[in-house]
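What follows is a single structure, and I will ask about it in a moment.
Read from first to last, the chains carry the letters A, B, C, D, E, F, G and H; within each, the first residue is number 1.
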């Protein structure tokens, strides 16, 4: 009855740690995956491995290729995806990852605060479940075990 | 040698009309699809058909369900998707549609201005081709016919 | 911009004829498919072709095999499915066809009267769009052409 | 040689418990999944997690989304599905789950009492095996180990 | 409402011509595909194109590769497959083609004379419809148009 | 580095036991699956579970449905399929199982004696590997571990 | 009975023109697709559309992205692929395109001169048909119409 | 968090051993698969198992069939593929394996020395990540665990 969950969303605060901590406190048998959360590493990984690129476009593309490789494998190993949106940042990666999950038929939980109802209405409609915060997302996962 | 292309992106200016006009001027045999561009209609379509909903969440969800139904059919009939990002608006629908195209293995052209290189780096890396403007996107389509 | 739509649901009244007539009046370019509506023929088709079967189970199974063959081909040719439920009849075929459409990722419109909200809540949640009557379903199809 | 089986069907009596008990008595290595059987919890789960909804439609839809999320994961982990029908209740969820299994090419055992032969004839024809009671369904599972 | 049907089965008599003729007499809009019916050509095609092979194994394999190439394309263009068995010949190609159709989820009509009920019982159970002769198979196709 | 292999073929002699024994003697980590080899049980299983059927057609179809359910699960758990043909019996099940494996893209080893080269030429051409006896088939499996 | 064929292979001589001409002379109803044959254009297309890139790596990657977009659409519209190898050039694109066709289950004809038997043995084994020259490849296509 | 990786590429030097050794030194939990690296065995395996073939074409084809059977199973068990190109050998197998990985949507790391930028540009563009040496490839795998 174990679950594997990919946690899509921004990497600027510790929401994944909170979710993992709460899951652990409740002894849920869940393996969490997610993007590289050390922001500098996520940005630098391309040049770290492949040396200095000629400009910002290719610096970014090189890093992105390695982040995507990692995400592709993790998402293919996941039973479901949680995508969290907040009021800061562009979060296009989050929306893309949610879209990929939809295209691959992976069950998807959208975490969407009240203030973002309108701009996320199509994504919410395509998600399996829409909640407002990580506690509610965890409640949905707990229901799997009931 | 005809093509069907879905045009994902914001609906606040006439970029699709420009693209279609230029395609027509060059006699390209392309059927373009895209989201409902009459903004008020896109927002109201849920309540237009299904009557007043109890609150904004469900007004939006109802409209989104009908927009998504339309998009799903159009995307399944398309040979490729063009996703345009600009400097205004949240554009999460655009990123989601691009993600769905990726999940479904549809070839994808990303139109991304210089200013958005960093936040769209993972999406650009997963797109088939990244260009900066609609003229370049049309050049890519024209190359299909050469 | 043509559409092909499979009409799942009971065959005891003329709802499909009404829908087709309204579609025609509005000049929508839609090819409708649906189950055999001549009820006696639908029940007898097995024995009509394969002669008398030894009992009711096999009389029914034989007819069902031929009805299913027909539906499988039609559904594979359809861009979307409409499933209508009413207050009479068991309508398990309708629910099965809707389930198959979901399993095959075909966009699905559910027509559900108010009285059936609770027992169809999981199906409604998985449908692309839920409406209450055939006029609303047709409005959703019309929106494809706008 | 272990099996994972999803048990679709009504949640008003203890048929799943009977089946699991008999499986256990015979030391079959089977992991059973199934819908939430605590009926009130199944109906309330949406508002339990997401607070009071504005009306019955959305109360039901919210709960259904969480039930469907749970079922989607369980069904994807299952080797086969058993769908039981009885003489009470509408059982459209059961028919939908069976349809989804068919659409996904999951082997399907239909449990159908004699009285329901005619209305379930198309579903029976699409099922892998049709039996009349849970003892027979268990015999089919046991045959896997022989 | 047109259909494309692949006719699997032996090529030693004119059963396909009979079926096509009857279909034509009834003005059914059906495109029929099938294996190469000129037996010598079917056996010789490998060496006709690729010159003398070193032994019978490779003479046969070369011809088979070209027959299979042709069949693969035809089957992928077909809406359904008819597989006819008779009392003569080994007919393993027919059984293989039927199996491929099953693996690809193509609807399948099995034509099986009474004398072959037992050895074809698993194949019959997996076929969409089992009939005894080509007239009955044509009746099943005609039902598509009713 | 473990393998799961489905052994398709006739059930009239002990070829599977020989293959399993040899595999065991060489300490290969292989899980073998296969059809019910107790012939009477394979024929009777339908009526054993579902009681006397009205005639031979339905006695056979009922048994076949339960054999197919078992095979479908086993084949979906297998990494590859071995199909053995001999000079006796019709062996249409073997050819169908091989065809299903081809349709599902499962790697396939064909065991074909010299005398059957011509009638199995298309199947041999579609198999991954063709050998003449079970010792050679086992050598192919052993090569996986080298 | 029309065919669409993608012609993978080097673009340094006029083998595609020869094949098309011969096909035309024999009135075969075939739509041929293939890579951009104007070599300079194929190399320059990236910078033609996207301006000067910072170095050769990215000049090449940009051009490749547009060539791949074109090929992806063409291959998805093709019924089969022909891959021609010769004694000059690295031809890794040809081998990659053939591999993609194999991964997508597209029927594949390999044109392989005698001198390349050994290095193309695995690809030849996975191709549907292997021939030695374009005349033989055309004969295989003609057999489709016989 | 374990990974399974298929190592496509030439078998003339010990690059796989180097990669495995380095992975081991860093305690990465990775199962590596790859082609038969004992060159003579890889060439002889067909005749070793199936006896002397009539000529070189069929000697090679027989061996290739057994190598492909092995690779197909290994690739289907892999989370990702690494394809290494060097300056020697034709390496069409490597390009084909990379193409199959692309067709199957397996994440792909391309190892490409500077000297091969141009002839591998389309393959590089389709790979998930392109690096120049095995140390960099291992860094990409390590990033999965960070």
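Quick note on the criterion: contacts are C-beta pairs under 8 Å (C-beta built on N, C-alpha and C of every residue); 3 or more make two chains touch, one makes a residue touch a chain.
Keep in mind that this is a model prediction, so the values were computed, not measured.
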| item | value |
| --- | --- |
| Set of chains whose contacts include both chain H and chain C | E, F |
| Type of chain D:chain F copy interface by residue overlap (half), same or different | different |
| Between chain H and chain F, distance of the C-alpha-averaged centres to the nearest whole Å | 31 |
| Distance between chain centroids, defined by C-alpha means - chain B, chain H (Å) | 38 |
| Approximate Å spacing (C-alpha centroids) for the pair chain A, chain E | 49 |
| Residues of chain B touching at least two other chains | 65, 68 |
| Interchain contacts, given as pairs of chains that touch | A-B, A-D, A-G, A-H, B-C, B-D, B-G, C-D, C-E, C-F, D-F, E-F, E-G, E-H, F-H, G-H |
| In the complex with chain D, residue positions of chain F that touch it | 36, 38, 41, 45, 48-50, 65-66, 68-70, 72-74, 76-77 |
| In the complex with chain H, residue positions of chain F that touch it | 3, 79-80, 107, 109, 128-132, 136, 139-140, 143-144, 146 |
| Touching residues (chain side chain C, partner chain D) in the complex | 56-57, 60-61, 63-65, 67-68, 71, 85, 90-93, 95-104, 117-126 |
| Complex interface listing, chain A residues touching chain G | 54-55, 58 |
